[in-house]
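Think of it as A, B, C, D, E and F in the order they're written, each chain with its own count starting at 1.
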Amino acid sequence: MKPLTLATQAANSTDAVDPVWARICEQTRAQAEEEPILASFLHATILNHDTFEAALSFHLANKLDSPMAPAMMVREVITEAMADDPAIAEAARADLFAIDTRDSACCSLAAPFLYFKGFHALQSYRIAHWLWQNERRSLALFLQNRISQVFAVDIHPAAQIGMGIMLDHATGIVIGETAVVENNVSIMQSVTLGGTGKESGDRHPKVRQGVLISAGATVLGNIEIGEGAKVGAGSVVLKSVAPHTTVAGVPAVLVGRCLSESPALDMNHELACQGDCPESS
Amino acid sequence: MKPLTLATQAANSTDAVDPVWARICEQTRAQAEEEPILASFLHATILNHDTFEAALSFHLANKLDSPMAPAMMVREVITEAMADDPAIAEAARADLFAIDTRDSACCSLAAPFLYFKGFHALQSYRIAHWLWQNERRSLALFLQNRISQVFAVDIHPAAQIGMGIMLDHATGIVIGETAVVENNVSIMQSVTLGGTGKESGDRHPKVRQGVLISAGATVLGNIEIGEGAKVGAGSVVLKSVAPHTTVAGVPAVLVGRCLSESPALDMNHELACQGDCPESS
Amino acid sequence: MKPLTLATQAANSTDAVDPVWARICEQTRAQAEEEPILASFLHATILNHDTFEAALSFHLANKLDSPMAPAMMVREVITEAMADDPAIAEAARADLFAIDTRDSACCSLAAPFLYFKGFHALQSYRIAHWLWQNERRSLALFLQNRISQVFAVDIHPAAQIGMGIMLDHATGIVIGETAVVENNVSIMQSVTLGGTGKESGDRHPKVRQGVLISAGATVLGNIEIGEGAKVGAGSVVLKSVAPHTTVAGVPAVLVGRCLSESPALDMNHELACQGDCPESS
Amino acid sequence: MKPLTLATQAANSTDAVDPVWARICEQTRAQAEEEPILASFLHATILNHDTFEAALSFHLANKLDSPMAPAMMVREVITEAMADDPAIAEAARADLFAIDTRDSACCSLAAPFLYFKGFHALQSYRIAHWLWQNERRSLALFLQNRISQVFAVDIHPAAQIGMGIMLDHATGIVIGETAVVENNVSIMQSVTLGGTGKESGDRHPKVRQGVLISAGATVLGNIEIGEGAKVGAGSVVLKSVAPHTTVAGVPAVLVGRCLSESPALDMNHELACQGDCPESS
Amino acid sequence: MKPLTLATQAANSTDAVDPVWARICEQTRAQAEEEPILASFLHATILNHDTFEAALSFHLANKLDSPMAPAMMVREVITEAMADDPAIAEAARADLFAIDTRDSACCSLAAPFLYFKGFHALQSYRIAHWLWQNERRSLALFLQNRISQVFAVDIHPAAQIGMGIMLDHATGIVIGETAVVENNVSIMQSVTLGGTGKESGDRHPKVRQGVLISAGATVLGNIEIGEGAKVGAGSVVLKSVAPHTTVAGVPAVLVGRCLSESPALDMNHELACQGDCPESS
Amino acid sequence: MKPLTLATQAANSTDAVDPVWARICEQTRAQAEEEPILASFLHATILNHDTFEAALSFHLANKLDSPMAPAMMVREVITEAMADDPAIAEAARADLFAIDTRDSACCSLAAPFLYFKGFHALQSYRIAHWLWQNERRSLALFLQNRISQVFAVDIHPAAQIGMGIMLDHATGIVIGETAVVENNVSIMQSVTLGGTGKESGDRHPKVRQGVLISAGATVLGNIEIGEGAKVGAGSVVLKSVAPHTTVAGVPAVLVGRCLSESPALDMNHELACQGDCPESS
């Protein structure tokens, strides 16, 4: 998957000075000054650290901490993964930009870094995915379980997920083993990208660039959700969806074309319809 | 929003003797005697305290506890909020009454106080809301994140929620920034009151008094769910709903009038329909 | 409810040598050797123990641990329950077999034992159910709350659930007080088996053997989901479903007969339809 | 070592009704009623349990708890030891009687059980000693380290210690590998029973029945402190001490005979001297 | 006991602006800026709070925290005690001045407040003493045990201790039930103020103003250590000591007069001797 | 200070293969196999790690862990110190050899690494000392406080301590700001190397190579304990001690010459005397 312009720009930010990290620190410093009760948490999580990577590994490790795999041990794994594959932190930066751009209740990079459960779940998955690719499958499963228990988000470590992704609110999201999610996709709470049948093999959805999947939608089987498509809230999608179209309903049917190139970026959940579609009839 | 009679009655109970607190203590004492394993928890959480407020702040702080913001620190904030705005604990009392009255599996005030995740999430939101109103937005976001992680309930601290509210089972509930929920509303698990589009501004549902929103319903946009209306389970509501009507389906359509004045109080999730409605046709 | 053959076979395994436990230990030993970071957790949870029961009580107690009811105290209750009613651990063994057989992303008994949230939630419910039957209702409610908070699964302790059950992904599952779930049923994430109305009494679904309920389905009221039936994803079921049929939609309607005897075992979520059904028309 | 009358009487108390346990429960119940803040702790530690052994294992495991060997795991070992060797709990009962009788600031069995660090350290040592005798030496050393860190008392697990022992205040007590402490001995804070030289073999003191060793005394080498002897505070004892005599000083010299048969029981730390002794000259 | 000038001056500082608190905050702010790793701790412990009392109760509660009596519960007791008896925090301020003045390795008020175990143990004792005086003896004993376990300092809650006290290094200090320690006393590590005999009643030392007791000294029985006296390191004191004299040895004998009015303030541990004394002979 | 041969040999062991680390791992593997209850701890602490340094930083961080400075944060500091100054881990290796050679109750390198409080306190001091030298004094004081609270050992971070040091049993050891302890010294429990007077400046003992200071000895002031000297248990030393002599008593006087070149290595605490000395007269 090639990164989109937005993501690339973020990725390049690791040279010399890291502008993402600089912005996060600046926004955090302001918070720490105006809210002394948070100063403690903000110093430990952000201001103590020199790099985006160090802060992210610290924050995720704290979230995933458990008596059976304490934060200190989890962090070693995260650090190892990020050092081995710089694309992990690059993707995390692109995800922050995605949230900053698309979420109307959000207005900074620091806020999603610190407080968005979907962001935390997604970055934790990226570590589990790295473990899976490196044949450390039992540790990947361990991590998947922790992510599911802590964030209520269940992403199989073998799933392939791009960058510039927003998992909004995130509770109840399920993404299966052979699912593919390309860059710049937005997925709302309670969305399932599930398989069907008990055979192994390629059996989960392929979600192309720019797709928006609204709250509670269930997408099942090895089908394709075409580039720039929109899946309406509460829909059950059992067949492939053409690029730049909107589907909705149980089961989902075509309700129109998408005006927007990338509905994921607009976050317009309306089923606005142009041309010939069932609802308009 | 003016409190309904039920809520007011609870609210007045803080004078002299607090009957809500007295009932909770009495019911707890009975439990502590018959179940020694719980005695420890029940003493610490209820019987040790002199007031409803002290017990509630203790219990919520324990639930929200994390290494980065330990219970002791969280409790200071809760105590400060409750002292500054007595309506917070007043609303909590009304919420307990709401659950006691509406939940057929519940038969006390102590049980929801101690064990209902939806009650805990809602009262924690009330603290985050107070912080938001007092311009302490970063701490409000911190708390929102904790609530989402601990209870799997994601309520934006700016949302406006009345009293006498039941969030039943609660997992997966999402309530957006400009949503309004009036008094005596019942909301089931996996319900979304979401926005649409990425513009900021008033973009979430307004839910009027007495409404019942059944499990898994998604209500999107700045629309109105009229007083005493009922939204069927799994519905996707994209248009305003007239008072005292029932809507259902994806997308939701009118299926009848509500016989009950306040479906929230009856908790009847059937789509029983009177008069002219699609399903009956 | 009489156990199916599969379950019985597992149940008998406690004599002399316990083949389930032997397999779990063997699979765990391999993991511990190839992933030193997990060795610590795997020894403490599995390899340290002599029996399936000892390991399960240790693992669940650790998951349910909280300052107000520490693991050590919770484990005493679990141990007491398992000693009093051997059917609890028997059912747990059958549940492991169910997951091993039906989940295409799973290939061992150790993996679900260690890492599947739905398995942990279900076994914890079995303890709460035992407490409820033994009139220790407040402790049962305490446990229900912990299960809901930790696993985001809310099962009323009075519900009756058979063996050979798979709760897949599990986030958001709600099962009400008078619900019955027979043997060899599969239930996906965000499924509700709910009541309707605020009267107490028998008001929740009865789910017969071999049923598959797909993701996000809401089944409401004292209705029957007949043996071997399938409920499509995102459906809202308000009426009884005949054996070996498939229903789907909001509200759910008949979409065909099930080819499979036990859709729960096939995990085929497609709404494939044979004969006369709405969608095919 | 044969138990003294006092100890035997305590030991027999396990038949039918256990009077030691009954007294502890009664005294604890009174405390729990008058001090609600402690009710929680007292229920968990004492009132929840049916036997002295269950309560003691719970309390010690809680004290010795660490992330690397959590309470639940430690308790398994304690329970195993107490079940295998009933003399452990028997000795613990005798130790409680000893403190109740000798400590003028103490007036119950519950108080030392709950609050005396020396009692906790000594009972924890008894478990480590059992492990050592059963050739589980690394776990014994692990426990010795925990005891030293938690209670600041360092007793080698191979040391042999009788019953009816009071370790008063206890901070800084060190007892070496080949030391022997017979029944009904009292040892004050900062006392060392140490070895000398780096050869292994029998190189630590043998302390006979009824001996009192006052605060800060250092007793070094394979010497004998005879029955009923008294060692003055701050003394350094490098030679054997005759029965029923008092020694004091650096190095310790004879300062008189002991009037008392068992100075350990009188806890008189004065160097009162009868007859021919250096100080009186 | 009437407070000395130094203590009084500190005590008056609570009006309007509290200069002690102001200095602590200023010194802490400097630390937090130069050492980001501590910023977190320093904000939570000092900078978050408005008053000396709030910070002290927070810090002590954190130190005394245990699963059986969590910080949040302990803090309630500390807050209650400090509100009821303002002399507690007044004495704490005087103790800080004492350390600042006497300890050559210390150069601030913030350092002992934050880091001196003897200060923490002493202030915790002050709470236990308040409980004892208010007839809450079991909670006082609970606290004594926590202090002994956490700080390795064992002070009976009934002991009477003045203000302007320095417990230096503090490990192993034991102070008995009927001991009295007047204002402006310095006590080094491993010092015992013990009783003798097993009778209850007044049986511990009375230590007058300005006394210095050096490391490892053992003072036993109802004897008086006169104003301005000095007890040499490692001494065993069994007889009263005249004001402004120095004693040393095992047993302790007069070694000279003290040149200093208040040896506690000079912290000169030498046995410098003027006039007629054993060592000089 | 130049390292002795023994220490140098250990220090060189970091090239290519580290024999110290290899031995520790081998001894630990044996333990983990024979004691499953410890396997968990041993894997996490030793077997998971590739280097001596990684394991030591993990183990110390776990010991020093507190809510206010969690293990993960502490470990960062330890890792930084060890990377900056390789002499820290070199000294730790030499200390292990020292214990292995001198302690007759010890027979491995793994045992002191894992279980000896004095070793843990000393290595933690080495980190605090590095901080002090790097002008990070407040963090050094923070660490000193943690060491004092956790291990009951109080070493000022400015003190200078060589390698090949054994702090045996360790409870109550106090070492002051300007103290110097050269290589291959043994210090027993409750020993004080203290200052005298409240002037700052050089005011603590200088302890030369090979010295043995027995239990409870108090050494005060800027005096020298000459190479190969021995200080008897319970002694109070106020004057310099000539090389290769033994002193004892309160105050300490010469009792003879030391036969051994390095009494620290022999650990013979007897006051055996050759030639002209008080006791022999």
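Heads up, the rule we're going with is that a residue touches a chain if its C-beta (ideal position, glycine included) is under 8 Å from a C-beta of that chain, and two chains touch if they have at least 3 such contacts.
It should be emphasised that the depicted structure is a prediction, and the values quoted were computed from it without experimental measurement.
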| item | value |
| --- | --- |
| Contact-pair overlap exceeding half with A-F, pair selected from D-F, B-E or C-E | B-E |
| Interface with more contacting C-beta pairs, comparing B-E to A-D | B-E |
| Centre-of-Cα separation between subunit E and subunit A, whole angstrom | 55 |
| Chain centre separation (subunit A, subunit B; CA means) in Å | 28 |
| Cα-centroid distance, subunit C relative to subunit D, in whole angstrom | 50 |
| Shared-contact residues (touching 2 or more other chains) in subunit C | 37, 40-41, 44, 48, 62, 67, 70, 73, 152, 171-172, 190, 216, 234-235, 250 |
| Footprint of subunit F on subunit B - complex, ascending | 67, 70 |
| Residues of subunit B that touch subunit D when the two form their complex | 36-37, 39-41, 43-44, 47-48 |
| Subunit D residues touching subunit E - in the complex, by the definition given at the top | 31, 34-35, 37-38, 40-41, 44-45, 62-63, 65, 101-105, 111, 114-117, 150-152, 169-172, 188-190, 214-216, 232-235, 248-250, 265-271, 279 |
| List of subunit C residues in touch with subunit D within their complex | 44, 48, 58, 61-62, 70-73, 75 |
| Contacting residues of subunit C [partner subunit B, same complex] | 67-69, 73, 76-77, 136, 138-139, 141-142, 144-145, 148-149, 152-154, 156, 158, 171-172, 174, 176-177, 190, 192, 194-201, 203, 216, 218, 220-221, 234-236, 238, 250-251 |
